[in-house]
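Worksheet: one structure, shown below.
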Amino acid sequence: MFAFLANPQRFMAFSKVAAPLIGATAFLLLASGLWLTFSAPDDYQQGATVRMMFIHVPAAWLALFSYVCLAVASFLSLVFRHALADAAAKACAPLGATFTALALITGALWGQPMWGTWWVWDARLTSMLVLLLLWLAYIALRSAIDDETKAGRAAAILALVGAINLPIIHYSVVWWNTLHEGSSSFMKNTGSSHYLAPLALMALGYTAAFGSLWLVRIRAELYRRRASLLALRAAEA
Amino acid sequence: MITALAIHNLSIQRGDRTLFSQFSLEMKAGEAVALTGRNGSGKTSLLRAVAGLLRPAAGEVRFGEVEAEEARARGLHLVGHLDGLKTGRTVWEELLFQTRWTGGTDAAAAAALETLDIVRLKDLEVRRLSAGQRRRLALARLVAAPRPLWLLDEPMAPLDAEQRRRFGVLMEQHLAGGGMILAAVHDPLPLPARGAEVGA
Amino acid sequence: MSPLTALFGRELSLSWGRGGGPLPALAFYAGVTTMLPLAVGPEPERLASVAPGMAWLALALAALLSLERLFERDFEDGALDLLSLGPVPLELVCAVKCLAQWIAIGLPLALAAPIAALALGAPTALAPLIALCAALGALAFAFAGGMGAALALGSRRGGLLIAVIVLPLFAPPVIFGGGALTAGGGAGLLLLAAWTAAAVALSPLAMAAAVRNALD
Amino acid sequence: MSPLTALFGRELSLSWGRGGGPLPALAFYAGVTTMLPLAVGPEPERLASVAPGMAWLALALAALLSLERLFERDFEDGALDLLSLGPVPLELVCAVKCLAQWIAIGLPLALAAPIAALALGAPTALAPLIALCAALGALAFAFAGGMGAALALGSRRGGLLIAVIVLPLFAPPVIFGGGALTAGGGAGLLLLAAWTAAAVALSPLAMAAAVRNALD
Amino acid sequence: MITALAIHNLSIQRGDRTLFSQFSLEMKAGEAVALTGRNGSGKTSLLRAVAGLLRPAAGEVRFGEVEAEEARARGLHLVGHLDGLKTGRTVWEELLFQTRWTGGTDAAAAAALETLDIVRLKDLEVRRLSAGQRRRLALARLVAAPRPLWLLDEPMAPLDAEQRRRFGVLMEQHLAGGGMILAAVHDPLPLPARGAEVGA
């Protein structure tokens, strides 16, 4: 798969078809997920606010997942010096930052009814904020170095270093006794299929949306590079 | 407009050392002087003193009829060992700023790119230039913002043969137009110039 | 375009430039604000009580951090020669540098200050006052800091030296600003404004003298 | 004298050197600690409760401020070419630079941290723990910060960018140290030590990669 | 001990531009090669590639029998446009560090001060040196820590006539001792050297 797509031409051909397809899938999944979300019964404890779960939890997952994608792409671009992997990493960053911001915002909105406060400085929430900062740092570093290849490599190193943060976020609920829901209370809730289906649909939908947006952004980035290359050639001639 | 430069009994001290003293030199419009001297004899210091960046221990510098302050603010260019270019900005950004700062027009800056043969490098960051290209960029403001007195510190060392020839022509045009050139050099200038030795 | 406008544009582009705009400044601010609860502990009452003060202190530190290169780079690469040979008095050059610094770094930070304070639990009604104090303070910091940067020219460890020179100059605005925040305006605000005005008026003289001295 | 010892001596003299030794760093620290009551207000209870945390945060920020030139200067003046052409692997060179930074700046600050905390009203019994945490933390800060400094090479606006890159990396030690200070040691201290060990072991690899990338 | 240098079909790319390709060169002990070429043709880049600081797009560099890594860590000196001197440290501090770092003894460093004629400047800060004095300090480690291959980037431009002669003698001694010199220059070297042109 990697070897196949590593060729830019093949990637372009593949993504031209795949991006809209995955995008349409994402639309269908999200639409049906939202429909189930609103038709699901109120929770006996949380009431209607439980619906926030279907927005928040997938966003939080995607925030972590997109960082994994960034780390993998960075690793490939660093080790194999592959331009496509670098473009993929670059394209991933704003998406990941958005998902992280979304998880933070929806979490805060959910926190108001659940905990009676928008924000607490507990370990998971804070480490999530640190993740957002890491995304911002990635973007800032990339844009502050002008040479594209160098910027790419420096940013890739940062991305790999920052990956240490992922297990900290994930296990923070276990390591520190905190306010945020852990997986156990979470399983109690989702044990009921009322909640499992919309959650699964939303999670898949988020993932598909991320996938198609990512492909589109990679394509745009590759086009941009080609354009600047042509401009340079023209200037040289 | 400066039409003469007179350095009178100048002496310069660095730390506890007197680099040179009683140095005198007169120049008129259309003249070039090649300052020579051993390493550390004080050529660079002399140029900086003329530009008013360095306070001499004794002696004075006169710019013909023109007030020294006025002459230094609008009448001379100093291109030194350090070129004052920001490595992160592009060639064009830097040239445009230097030109506007020293009173030239944008059109003149564009023309200077051509004259110094750096059009192709216009959008490159300064960091990426080779030594000779960078020097050419530093010299470009001489052309882009005409000022009568050029103070040059080893201007041609990093240039290749072709570029030295071209810059020689530029200097001759400047002199022909009534300009003056005071240049510190180790190799002779490619044009007829009086010599002046710094530090005995 | 006049030389002064050209200089202003250059300075703005150097401190704002393509480096992500005010983003790094903002992210830095966010980082400091995030670390505070981590270091001090998350109890809301405790946090809320130190919040405006911390937002204010973080502003001073961020301003300090971004100062380091105001003159240093221009000195080392020879650009300061060019700037002091221009058609504009050196005092004005220095003032323009500080002003551009304020616009590129100080103002975005000032706008973010109330947000940071609110996030740490400060009362909402305080937000406009915080923003106002922060904007004024950032201006004072830019000019006082520029003076430190000019004085530290040509020494090694400029960054820290700047901090040491500048911290005493930063103390009065921090006191006044802190006072204004606790009293909800009043005398503190006036004093802050007066200090800022004095810094803007006087420090260019000191800066120009320091720069001339360093070049000599 | 072996090349490595020579390098260590040079780095020490560059970061300690004739610039007043660790004095500026300490003065900066003192400045921040005196500014704190000004900004927060002088009520003793309030101060005492935030004192250790603030001393800790100030340490992180001071470490940050002194980082700015760890690689930047060597990069711009070409010394980094020389260092990477030496008989010692670049990873080791980077580690030695960070170590020297720690000894010149971090350790003096760590010794001052308990004093600052006591001055703000922290309980006396906490002093040794604060010093230990500060020494460990400063080591982690030096290595994590060095990584930020190496990554920011060749970018414009180094200082702030370093801060932005480094703050997320500073957050875990700040959390752990804060935890250790409130709990009087325990898990927080262990985690801090673990994080420090990891930073010392791993960041030289990232630093060397970043430096090679910048030189290429 | 390196006794040969072979550059084989090297090509170097900067940004999206290929500076040169298929550059080949062979050198044996005792030889000097003067790299010439227009500004921006890639002389500096070539030297950096030989030193291993820059990764070539294609081709390879061999140091006779010696492993490339070993050769680069212990067998060569690179003195480039930028000299890597810290402006705030003294001449002696800097030379001593550079010597120790590249494997020379303290006595050799002291001797190099004499050879390069900078004894008098020993305790001066680097900031205060003139351009030529500074270059001599940068060159001093060539003598203080003997290594067979010298990569020099326009080494003599800021030197005065007398110093050029002296450095010429130094280079000849190095060659006579079995060393090799690869120097990028715009003016001819003051000793018999093969020429090699970079970039057609």
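Which chain is which? They are A, B, C, D and E, in the order written, and residues in each are numbered from 1.
Just so we're on the same page, contacts are C-beta pairs under 8 Å (C-beta built on N, C-alpha and C of every residue); 3 or more make two chains touch, one makes a residue touch a chain.
Everything quoted here is computed from the prediction, not taken from an experiment.
Chemist: Suppose chain centres are the mean of their C-alpha atoms. Which chain sits farthest from subunit E?
Modeler: A
Chemist: So subunit C and subunit D: same face meeting same face, with over half the numbers shared, or different?
Modeler: Shared-number fraction above one half, so same.
Chemist: Can you check how far apart subunit A and subunit D are, centre to centre, with Cα atoms defining each centre and the answer in Å?
Modeler: That gives a centre separation of 32 Å.
Chemist: Between subunit A and subunit C, what's the gap in Å when you average each chain's C-alpha atoms?
Modeler: From the centre of subunit A to the centre of subunit C is 35 Å.
Chemist: Averaging over Cα atoms per chain, report the distance between subunit C and subunit D in Å.
Modeler: Inter-chain centre distance comes to 23 Å.
Chemist: Counting in whole Å, what is the centre-to-centre distance of subunit A and subunit E, each centre being its mean C-alpha position?
Modeler: 50
Chemist: Touching two or more other chains, which residues of subunit B qualify?
Modeler: 81, 87-88, 127-128
Chemist: By the touch rule stated above, which residues of subunit D touch at least two different other chains?
Modeler: 14, 17-18, 76, 154-157, 161, 164, 167-168, 171, 175, 216
Chemist: Multi-chain contacts in subunit A: which residues touch at least two other chains?
Modeler: 126, 130, 133, 136-137, 140, 144, 146-147, 236
Chemist: Which residues, counting only subunit C, touch subunit B once they are in their complex?
Modeler: Touching subunit B: residues 1-3, 5-7, 9-10, 13-14, 17, 73-74, 76-88, 215-216 of subunit C.
Chemist: So in the complex, the part of subunit E that touches subunit D is made up of which residues?
Modeler: Answer in residue numbers: 48, 51-55, 72-74, 76, 78, 80-89, 93, 96-98, 100-103, 106.
Chemist: Spell out the residues on subunit D that touch subunit C in their complex, using ranges where they run on.
Modeler: 14-15, 17-20, 24-25, 27-28, 31-32, 34-36, 38-41, 46, 49-50, 53-54, 56-57, 60-61, 64-66, 68-69, 76, 155-161, 163-164, 167-168, 170-171, 174-175, 177-178, 182
Chemist: If you look only at subunit E, which of its residues touch subunit B in the complex?
Modeler: 14-15, 37-41, 43-44, 81, 124, 128-133, 136, 153-154, 157-163, 186-187
Chemist: If we count contacts the way the header does, which residues on subunit A are in touch with subunit E in the complex?
Modeler: Per the stated touch rule, the residues are 147, 229, 232-233, 236.
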